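Presented sequentially are two complexes of chain A, the first with chain B as partner and the second with chain C.
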Partner chain A sequence: MPVYVDISRCIGCRSCEVACKRVHGGKGHVNVHMAGDHASVPVFCHHCEEATCTMACFTGALYKDGERTAFDVEKCTGCGLCRLACPFGVVWSDKIAHKCDLCAGRETPTCILSCPANALSTDFELASRRARTRAAMAAAHGGRR
Partner chain B sequence: MIKVDVNKCLGCFSCSNVCPSQNITRTETPETRSVHWKKCKEECDLCVEFCPAKALTLVPFDEGSPETTVTYDLMACKICGERYATEPMLKRIESSLPENLQKDSTGLDWIWICPVCRRNIEAERATKQMVLGRTRKSP
Partner chain C sequence: MPQVLVPTVCPYCGAGCQFFISVEKERATGIEYMPEHPASEGALCSKGNASLEVLYHQDRLRYPLKKTGDGWARISWHEAQELIVRGLGGALKKFGPERVGFLSSSKCTNEENYLIEKLARCLGSKNIDNCARLCHAPSVVGLNRTLGAAGMTNPIPDLANSKCVFIIGSNLAENHAILSRWINRAKDEGAVVIVADPRMTHTAWMADIFLQLKPGTDVALLNGLAHVIIKEGLIDKDYIAKLTRGYDELVEAVKDYSPEKVSEITGVPADDIIRAARAYAISPTSAILYSMGITQHCTGTDNVQAIANLALISGNLGKPGSGVMPLRGQNNVQGACDMGALAEFYPGYKKADDPETARFFSAGWGRGSLPVGRGLTATEMIDAAGKGDIKAMYIVGEDPMNSDPSSNHTHDALEKLDFLVVQDIFMTATAQMADVVLPAAVWAEKEGTYTSTERRVQWSRKAVSPPGEARSDLEIVCDVANHLGLDFDYPDAAAVLAEINRLVPQYGGITRERLDGMGLIWPCPDKDHPGTPILHSLGFKLQDGRASIMPVQYRAAAENASWDYPFILTTGRVAVHHNAGSMTRRSPSLIEREPELFVEINTNDAARLKIADGDEVLVTSLRGETSARARLTDKVKKGVVFMPFHFSGTNKLTTEVTDPEARIPEFKVSACKISWRD
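So, the complex of A and B:
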């Protein structure tokens, strides 16, 4: 259950980035990137099925817990191998690793709750459902989507 | 006392992180990183246990033996040139991942690219279609 982005809604405000930092003691896991002047997107942990960070972790601090790629801070030695093993560059480490835990202990990840544009959700289908609705509206009313 | 097999060491700082007595120190510059093992009399093997490369062993204390320092030149990112990791660490990642996961869908060897460029590539990939749509002139 990773967090999915409806990119067409992202306004690049970095609220998710700030919210993530706030609940994780200043060590955030979201990076909002701008694509020129036309788009922005938060880049965060995909909770990969075949998670390369868990394969590189030699202490078992990173492990698959169902769909989640979970992290056990007690086992982490801060070696930084996970940072180098993440294809999306979203795991990082100082003296311990920092990665998205989908806000363990909270019902909904805080990035989702704080997004003013409703661009984030845990519903994979949401973005495509919205796109279909927009297409249907456009077809019904004529004009540009 | 700690004995270091410098050929096995990755330069990851795991030992330095877990050492409770600050006997393993680190030095970082934008181009290099060094690990220095002081002569240590502790009866503690945390560093030995938590070395990912099994490069450390405990040996009896010997006043005469010199202290070890290992220095690594950091590898430069293939895209931006920023130095981001030691070569043994990247080689270790290569050997711990199955081959089909070492290249992305475009055939890119992402291991040899720094995390910032990896994020940029991901952001570009994710927004590409939409940017095309938004920059298209209206009919």
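So, the complex of A and C:
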């Protein structure tokens, strides 16, 4: 259940970055990437099915817990291999590793609640459902003007 | 551990988002969202998320200070009040009240603004204003004149019902971020989004039709749209006949604004103008949103009137999904204006130049005579101080040194004052100029009401105590008033609100008891009234219930690019900073994301000047110079540069030319040049 992005809605306001940092003791786990002058996309932990960070972690500090890529701080040695292994640049290691924990202990991840544009959700289908609605409405109205 | 959740209203923009502050052992420890909030649905922008960072900042003012030969000395509240009696009271006696100025704060609560305005007028001074002068003064003038009420006509969530959202001169995606969720919702339901802006802003990403106009040509564009709508017969004939006056004059006034001619003036392709006009007029419900890009011009009032004209001829007022929506920048700038902290209005927009108004309030306040007539505006006070006509000032929560145009001029003017008292939460550039500085409480340290941009009046609670000896603005102002011989006996904000209920008709029914939830939207005249989310649904509060269509003609901006100053500088905000930046620049998680002043330059212009991305450049205008980091981009067109005004420097460059009616400076168009920094 990772956080999915509806890129057509992201407004690059960086609310998710600041919110994430706020609830994780000053260490955020989101990067809002500006794609030139025309779009932005927040990059989150994908909670990969075959997570390379868990494969690289030799102590088992990073491990798969169902859909979640979980992290056990007790086992972390701070070697930084996970940071090198993550293809999206969303595992950090300063002294010890830190990454998205989907806001463990909270019902909904903070970034989703905070997003002003409603661009984030845990519903994989949401973005495509919205796009289909938009297309259907446009067709019904004879195309977007 | 016992944890209490205290609901407060966000201290940043005017959207009026609420959130809970969690308090443990009398310390604010975190934020919890409020999904049931009607406007934000619990969302917060980056600034809202970082708002607690300023609460315990080391720079907070903790004690009253007085200026000494070599710096600042801590003094007691008692001594501070004595100095104020001597300085402010002395100037009142020696020079008369008309030579004393008061600046109220659009960051303070309604109750505090009401008291500051009452203080000024009870002391006999007409010179009371707030920073709405620098943002929405043209809306107050222009919308009162055309529609009979200034303020957003429809609430924020109602945007979702719109079938065409026209955004002009507002970068709401960055500055009022939560609005984007409603616009996205409208888009999913098939709405067309039109954005007009000199920059390809984040807001423009949402647009179906993007009109990139030259700064300062808004009237030409809006008249061009009206021209197309009239020519193609897309007007709402019934609405015009029933509810407006002045349509024939408009037809005459816009007949020369053909899309081709407007295209020449604005740089927007004629086809796009036609497409936008059709989209706006054909849609069953269209809303116009605008902000500083419309108002901060020497033609600000004209711009606002041109917008109102567009809504009136297409009948887009008084129903869901439609409306004219000025987006307010500060959390309580709407409230500060409602409370009469304006040179031309007493509370409730009662005209200051009407003797009846003065009679009404002198009866209500139990004061003999109150000043009649329009006072000096915020910018005029600074000018008057420079000329020696204003001798003393009391500035609450404002930073004209950073926020007024032509900072060097402001500096010289404030220096000439005999006495200046500044009340703020940080030692701002303006406070540095003061004789006495008073430490104030921030939003979470006091209670009271704030009025959001959608006219929603919300009660914000006190979560924690102010640091050191800092006190709420309400207590300080009452104390100052009592020391100056007035009788301000208000135990708390609720007592002031009760007086507001009595004297401001729009707030008549907005009592403390009714404000425990998500607030009420004014006008709300009596205790049983549910509030009025949509204005003008039963006609207009003008003669015969008709709105006035006020034709305007395009006038060029005061400055244009020239041989010596070849670029047009336009200013604005970025997502992670707010206004003069005294709060956001002290917020670690915000300042690290946008640490310094930058200037956006078109890549082609930069290539010609041999400037690379990240170079330190010198930006110079007729009024001053500042250095900034070059940011190469295609967001701005050739010949246009953009700088945010959160850092001191930008407003050294801007022009002090003002709108003749609303007196707002033209922040959005100044000629400048860019050179290498040696």
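The rule is simple: the second predicted complex is superposed on the first by the 144 of 145 C-alpha atoms of A that agree within 3 Å, B and C clash if a C-alpha of one lies under 4 Å from a C-alpha of the other, contacts with A are read in each partner's own complex, and residues count from 1 in each chain.
Definition applied: a residue touches a chain if its C-beta (ideal position, glycine included) is under 8 Å from a C-beta of that chain, and two chains touch if they have at least 3 such contacts.
For clarity, every value in this text was computed on a predicted model and none was experimentally measured.
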| item | value |
| --- | --- |
| Overlay on chain A: chain C relative to chain B, clash or fit | fit |
| Touched partner set for A:G12, first chain B, second chain C, both or neither | second |
| First (chain B), second (chain C), both or neither touched by A:A140 | second |
| Partner chain(s) touched by A:E49 [first = chain B, second = chain C, both, neither] | neither |
| Touching partner for A:P87 - first (chain B), second (chain C), both, neither | first |
| Partner chain in contact with A:A39 - chain B first, chain C second, else both or neither | both |
| Superposed model, angle subtended at chain A by chain C and chain B (C-alpha, nearest 10 degrees) | 120 |
| Smallest separation in angstrom, by C-alpha atoms, between chain B and chain C in the superposition | 7 |
| Contact residues of chain A, present in both the chain B and the chain C interface | 38-40, 144 |
| Of chain C, residues touching chain A in the complex | 30-31, 33, 35, 40, 42-46, 48-50, 173-174, 177-178, 180-181, 184-185, 187-190, 192, 200, 202-203, 205-206, 208-209, 275, 278-279, 282, 575-576, 589-590, 593, 633-635 |
| Footprint of chain B on chain A - complex, ascending | 5, 7-8, 31, 33-36, 38-41, 43, 50, 52, 55-56, 58-59, 77-81, 83-90, 92, 95-96, 144 |
| Of all residues in chain B, those that touch chain A in their complex | 10, 12-14, 17-18, 50, 52, 85, 89-90, 92-93, 96-98, 101, 104, 110-111, 114-120, 122-124, 126-128, 130-131, 134-135, 138 |
| Sites on chain A touched by chain C in the complex | 9, 11-15, 17-19, 21-23, 26, 28, 37-40, 113-118, 130, 133-134, 137-138, 140-141, 144-145 |
